Amino acid sequence: MNNGIKSILEAVQSGSMSVADALLKIKEEPFEDIGYAKVDLHRKLRQGAAEVIYGAGKTPEQIIGILDVMRKNGQDTVLITRMGEEAADIVKSVHELDYHKDAGIGIVGKMPLPDGIGNVLVATGGTSDIPVAEEAAITAQALGSNVVRLYDVGVAGLHRTLAHLDEIMSASVIIAIAGMEGALASVIGGLADCPVIAVPTSVGYGASFHGVSALLSMLNSCASGVSVVNIDNGFGAGYLANMINHIRS
Amino acid sequence: MNNGIKSILEAVQSGSMSVADALLKIKEEPFEDIGYAKVDLHRKLRQGAAEVIYGAGKTPEQIIGILDVMRKNGQDTVLITRMGEEAADIVKSVHELDYHKDAGIGIVGKMPLPDGIGNVLVATGGTSDIPVAEEAAITAQALGSNVVRLYDVGVAGLHRTLAHLDEIMSASVIIAIAGMEGALASVIGGLADCPVIAVPTSVGYGASFHGVSALLSMLNSCASGVSVVNIDNGFGAGYLANMINHIRS
Amino acid sequence: MNNGIKSILEAVQSGSMSVADALLKIKEEPFEDIGYAKVDLHRKLRQGAAEVIYGAGKTPEQIIGILDVMRKNGQDTVLITRMGEEAADIVKSVHELDYHKDAGIGIVGKMPLPDGIGNVLVATGGTSDIPVAEEAAITAQALGSNVVRLYDVGVAGLHRTLAHLDEIMSASVIIAIAGMEGALASVIGGLADCPVIAVPTSVGYGASFHGVSALLSMLNSCASGVSVVNIDNGFGAGYLANMINHIRS
Amino acid sequence: MNNGIKSILEAVQSGSMSVADALLKIKEEPFEDIGYAKVDLHRKLRQGAAEVIYGAGKTPEQIIGILDVMRKNGQDTVLITRMGEEAADIVKSVHELDYHKDAGIGIVGKMPLPDGIGNVLVATGGTSDIPVAEEAAITAQALGSNVVRLYDVGVAGLHRTLAHLDEIMSASVIIAIAGMEGALASVIGGLADCPVIAVPTSVGYGASFHGVSALLSMLNSCASGVSVVNIDNGFGAGYLANMINHIRS
Amino acid sequence: MNNGIKSILEAVQSGSMSVADALLKIKEEPFEDIGYAKVDLHRKLRQGAAEVIYGAGKTPEQIIGILDVMRKNGQDTVLITRMGEEAADIVKSVHELDYHKDAGIGIVGKMPLPDGIGNVLVATGGTSDIPVAEEAAITAQALGSNVVRLYDVGVAGLHRTLAHLDEIMSASVIIAIAGMEGALASVIGGLADCPVIAVPTSVGYGASFHGVSALLSMLNSCASGVSVVNIDNGFGAGYLANMINHIRS
Amino acid sequence: MNNGIKSILEAVQSGSMSVADALLKIKEEPFEDIGYAKVDLHRKLRQGAAEVIYGAGKTPEQIIGILDVMRKNGQDTVLITRMGEEAADIVKSVHELDYHKDAGIGIVGKMPLPDGIGNVLVATGGTSDIPVAEEAAITAQALGSNVVRLYDVGVAGLHRTLAHLDEIMSASVIIAIAGMEGALASVIGGLADCPVIAVPTSVGYGASFHGVSALLSMLNSCASGVSVVNIDNGFGAGYLANMINHIRS
Amino acid sequence: MNNGIKSILEAVQSGSMSVADALLKIKEEPFEDIGYAKVDLHRKLRQGAAEVIYGAGKTPEQIIGILDVMRKNGQDTVLITRMGEEAADIVKSVHELDYHKDAGIGIVGKMPLPDGIGNVLVATGGTSDIPVAEEAAITAQALGSNVVRLYDVGVAGLHRTLAHLDEIMSASVIIAIAGMEGALASVIGGLADCPVIAVPTSVGYGASFHGVSALLSMLNSCASGVSVVNIDNGFGAGYLANMINHIRS
Amino acid sequence: MNNGIKSILEAVQSGSMSVADALLKIKEEPFEDIGYAKVDLHRKLRQGAAEVIYGAGKTPEQIIGILDVMRKNGQDTVLITRMGEEAADIVKSVHELDYHKDAGIGIVGKMPLPDGIGNVLVATGGTSDIPVAEEAAITAQALGSNVVRLYDVGVAGLHRTLAHLDEIMSASVIIAIAGMEGALASVIGGLADCPVIAVPTSVGYGASFHGVSALLSMLNSCASGVSVVNIDNGFGAGYLANMINHIRS
């Protein structure tokens, strides 16, 4: 945005833009206001290749409206997260949508070719964590990362984890997803030599407190290189993993 | 106590005891009231070989008073837990006391020979968990178990855990002690084939919440055969481990 | 697993196995990957007589798939926990299933004869705790323990507890199950002379906080020999009780 | 106060009081403002025989100042709670004070003769709960109740509780004081046939969370007739017990 | 129960009962075991005039079964709490039941004439607290107390509370029921000169946390003579109020 | 009310009112008791131009009943909050009702002309916060304030906030509404020079804990001039904003 | 700041400022960086008459350093909050400081004459809340408000509150400060017709949880017009009260 | 470790190592057991350039002992975190130690030249967050990253943040450190286009709950690319930032 201010200032200085226009431009350009939402249009330049619509709490109509604005403004790929199957069906009637039911993600536009530094490994402790894992995996893929999946490798069956040491040790970034006691992040964090993004899931019962147990466990990991995102936040983990996988000076 | 009631009833029936005396006997026999405490005297028969004084919140004088009653009633070995060094010095002036500073435990009387089914393994995640571990280990020893110590084998350095597979797989009962994320219980629980008593410790900072993170993690362990005692409750774990190690039909 | 590594090493040394094959074997042998799950096949040798499928969050089809692999690999008895009646009906159409509705447990294969050290006593504070109790009881039975049931003996009617002193004092392991204030574990722990596994239940309302009150109460039990499993975790208690009941050197 | 309004209204009607005076009287009469406190003077008529000063967070000088106003206005007995030994010494230099160190209570004026309906029984689970119990006991005594003490009868040694069934069953009100798992309230509540005021104490460690475990346990008591006051609130329990012990139509 | 033991002992001594029979009697007499419940039969003598069935989590059939046992054993009045309308309809087909929909309470047998010391006042902060209030009121009535209702007198409209000073100041026991900030207990506790039983309700939203806000507020009441029962526990408050209203030496 | 007492006193003094009548008047005047509610009638004089019915937990019939009393007593405008669409339809059949579905608010009577000191700005972090915002906005309008809406200006797109600096800096009061991390309040509080009322919303998932995260964030705002109302309490914020906007000496 | 950007743009357009200088100006002007702090210099224009230094966690030397910068830049009055007596003594040796020990506030420069719309009333529930009240009161005074103090008017002695109805009903803004159950805010909110800023204090013990009980109580106040600041945040309340007291279009 | 197993297997196959030696080697090689700790020796190869000693809860003697082992095994640079000044003085007497008091970090050996992909930006919300920031900054430097510091740029003074847009937008990784409401992470996350590691600090009071408020705020950040480490965990953030800054395929 700084660059934006600078270029506007230069336009004012050169006389090609009036002060009033400049002030207006600063205010109005970066998004389009469609009532129920202010749609970012320049985020693509600032934050990544695909634009994202957080679908939770939005009607299919609102999603379509935001999609319209984005596509109209030249956005190639749009990711819609937390979208149910019914909403997906309605959106499909207007936009070409590739819907991933497990992950609750829809994609408009084509998936990019992976161009990251290395692989993003997505690991889960159990079978029930797979929906969160798919949200993470597809997000990272849609943003340009190659993804390796490693599901149901919880620490109570340590041999299953150890059997995949190759994948663990050759990843550039790892997303460790687990509910219950969330120990997977620490075990993988101790084995791996790359950043581990821990995702606590709400899988469990009783004193798992809908993911709080796993969350605390992961925040207190004794392994270095582990950081944590919100409970069930597969999207956040996938976004961050891809960002790390494209790090630049 | 049932047996007690039965034998009293039989004495009443045989005429060797009056009803009033019987009722009195039921009320007065099993403990001696010394004002600040009601000292159990028959617990030895009921609950184990050594009697225990929970030292926290008791003055050295109170501890000595309770010791007096116990010893007078023929209790061979008495364990005093959560006793500071100063209190130990005062008690030492009256009773022969073997004080273990790390564990905060004093022992009056001789240690029994181990007569349990197998070994009790006491494992810790880190160095800071050692005081809790020693409380557990000495308790189990004082009650008649052979104890194997395995300290600083936290899951972030998994090879250290794996290097001791022999000890882990040959124990009869394991006490897994860890703070922070408490993942040790799950990892050991997944490797071992015996009961694992998990002890969360208050070691850690921030979101470890004085042991709550480890406690929740252990309660949610995905490994079978794991149960949990209170935060920092080394004594409880040692007592239970020894009890399991002496299980009988 | 250590033994596994050792025998593989010996096979390599004797020339009967190549290094590449050995590495492959270590990685692939102990489980079969069927996509949505990595099914442990050697657990029987490591952790007990019956194999367990945690049914919560698995579709009947997934349960059947895992059953297929287990049975194919020679597993005699399989316990499926947390399985609803509808799922049970579907599984029944493929495998011979003995379904216990109260407990939410299905059993494929025959129940073993009890061969434990003694009896496992399962006690509940109230009527509402019975489903959790049945989960514990049937689990222990399916794994080889004789089980005695003692339901609705909550501490507010202490005479009901005392009336069963015989059963309490002659058990080898006790599972004490209660919601609300969870005092049952302490009262039984004070009477009994064997390990007590406390199971808090989510029975109650208001400040019981779905089992938290009972959980805290049990963790803070002033009775020795008490340990705790997760809220409503009847399976875990039954598994552990049976393990203690088969303790070996 | 209603009566007060009524009598003021009557005075106004009879002409013996002006409207302005009446309004003034309503505002100014019931307390004396000494800057740091507004001392209630008519509470004696409204709420009980002795007046109480909550000593916590008050300087000895402030306590003396409030005492001066109370005594000057004819208050015979004044209870000062939560007062340390040093403060008591300073107050003693001005007022005749009977200080109970264990309870942290000082009494100015003479203790009343007990004139309640029956006895108030004060029971504790352990030795460490005694200070809270003494706060309760002395408060009830100072307000006019006969008190029976029953200390260290925790539920882990149930025979100790049962040995005192006579006292429990003959009390008019019972104060049950316990930390840790707080099961005492339920056990006594199940045995007794009178109101039980449960006082959770902050005695314990780890997951007792400074009395929260006992508090929740007591709030969820399955015994009828149990109500709860704040953690460590011996005064509140003693005050209420005495009030119940003097109930009137 | 003490008396029970004593009379059994006397029977043994007199030869009218054998030891074995005595032991049997202690165990079997005080309740009847009907599988899903152990029905107390002597509670009437011990704890009050009407017997109570806690209906939550019991099927209509179970309720009918327990009712059968109670009525067969001569229990005149039975209160069934937390019973929905459908269950009530089924019970009605077997037993004559007076069902109070608001309170969720059914009564079998006739209501006793009030014979308490004075009146029980039941006050609520708002309209939404009425169901809890009715549970309390009808319970107290069914157990023998005269009840005065005072609904919707929350502290934000203080004049409404003050308008009823007469009722507040002439009650023998007050039940103060409120959700949200629960200030009603303190305000009434400050005005009244009798025990106040505070009942927090789960009425509210957001940071009321389903009654936790009101619960904490009431536990911390600065008014003396206030004690607290569980969130929404109208029954407990009514039971205790009636007990206080019948206090005896 | 003070004035009320004074004028009643004067009437008594002048002989135009008897003491009994005066006491009665104090008790009965300010509200009308219609069984399920005590309807305030003089609140209009005391607290604002429109009267409010909190609709949550009231049946349409109860709402209509309260409306009847209010309208009969001359209340021009009545706001009904937290009313669902179905209830609104029923109320509409009796009273002329302007229903705002988004806000869940119905208005009987005409909206007042804005007469506040300045504008009330209502800002939200996201689209999902709009219902709470509308509740706030319509409340403030119904009570006499001009409202400016500024939706979806969350801090992750700071340029959207900055683009509206004019509105932010020219408001008299700002209502900042946000879920998730609730940072909007701090950012706006740092930019604005007027009171900011922060409303945490329950929008979010996982560790947002139904609004607790936003609530804590807002309570800890490092910006001065920020205060907080309950989670999702749009009405409270609108009411307070309007009150501030009409502040008087 | 918007105005700032606009004027800079105009300077650029008019040629009186280069683009580079403009960009530099936007970045560097509003604060002075003294290493450990970035001191705002233009806040006076934006946010109020006096500048504030939050003293907690700052050394006396750092406070002096920031004071130096502020005074050098023409700031007349500076408030230093949360400053201990020792720090105040050191600051006094360099700057003329008026230190209020109770409030922990120091003032450099002269107090402004009150120029607000009306009075700010500061009320406390008890004596222990006075330090927080003084922090609020002196802050409001230093920023230009007339303050009326009303201490120790807690709801358990309601007549004390009612005796001051005049002050309560004639205030423009009220700050209600209370610990324990925090009911003061609701009672005053119900009586007053102006904004009430509620300040929970950490006064209390046990289940007051260091102010959480009062905080929740205040957030759930059933009185309209009440908002809440952080626990013990007297400064924040005083600042906001003064801001409301100077509201402008 | 997989490679380790493979090379050992090859050695066994080639006959250069016996099976018993191989098993021994797997167990004993990777660490040295010095009683109170098991010192990792090969971590350097696995996890980074410098080895780290977590100083909290270790005596200076233990730190020296571990240092001895590490240095003896060829470790060039060792970082000791959470070490007080006194401990540092003792360690200095044996090893050449560069002690950073603010950060509580000591470094033995020389600092490496930065060789990361880009810059690590360390930003704090306030002055009190600086110790945590220094822990992060020095850790990242000691592990090979160039670090840019940006302190006291909290969101309440947004212009201070915006003034540093250049640094924010040109970083490769950002560490955002804040207490209180923790909004800094979201604001920076919204502006930056690189991974943001959020560190909540325990700075604050009241409802900040020792960092919980900031922690929740950061976990719920609406900005993408943000992950969180434990409260006050500057080391963890610095370690991870450096790891990301050295990402490789």
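Order as written gives the chain letters A, B, C, D, E, F, G and H; numbering starts at 1 within each chain.
The working rule: contacts are C-beta pairs under 8 Å (C-beta built on N, C-alpha and C of every residue); 3 or more make two chains touch, one makes a residue touch a chain.
Everything numeric in this text was worked out from a predicted model, so none of it was measured.
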| item | value |
| --- | --- |
| Given chain A and chain C, the chains that contact each of them | B, H |
| Fewest hops from chain B to chain F - one hop per pair of touching chains | 2 |
| Chains touching both chain C and chain E | B, D |
| Per Cα centroids, the chain farthest from chain F | B |
| Copies chain G and chain A - interface residue numbers shared by over half, same or different | same |
| Whole-Å separation of chain centres (CA-atom averages), chain A against chain F | 38 |
| Length of the line joining the C-alpha centres of chain D and chain E, rounded to whole Å | 25 |
| Junction residues of chain E, two or more chains touched | 1-2, 26, 157-158, 191, 206-208, 212, 215, 219-220, 224, 230 |
| Graph class of chain-chain contacts, one of line, ring, star, complete, other | other |
| In contact (per the touch rule at the top): chain pairs | A-B, A-C, A-F, A-G, A-H, B-C, B-D, B-E, B-H, C-D, C-E, C-H, D-E, D-F, D-G, E-F, E-G, F-G, F-H, G-H |
| Contacting residues of chain C [partner chain A, same complex] | 1, 26-28, 30-31, 36-38, 40, 43, 56-58, 62, 200, 202, 210-212, 215, 230-233 |
| Of chain A, residues touching chain H in the complex | 1-2, 46-48, 52, 117-119, 165-166, 169, 172-173, 191, 193-195, 197, 215, 219-220, 224-231, 236-237, 239-240, 243-245, 247-249 |
| Chain D-touching residues of chain F, taken from the complex the two chains share | 5-6, 9-10, 12-13, 15, 18-19, 22-23, 26 |
| Touching residues on chain F, where the partner in the complex is chain A | 127-128, 130, 151-153, 157-160, 162-164, 203, 205-208 |
| Residues of chain D touching chain C in the complex | 125-126, 154-158, 180-183, 186-187, 189-191, 204, 206-209, 212-214, 216-224 |
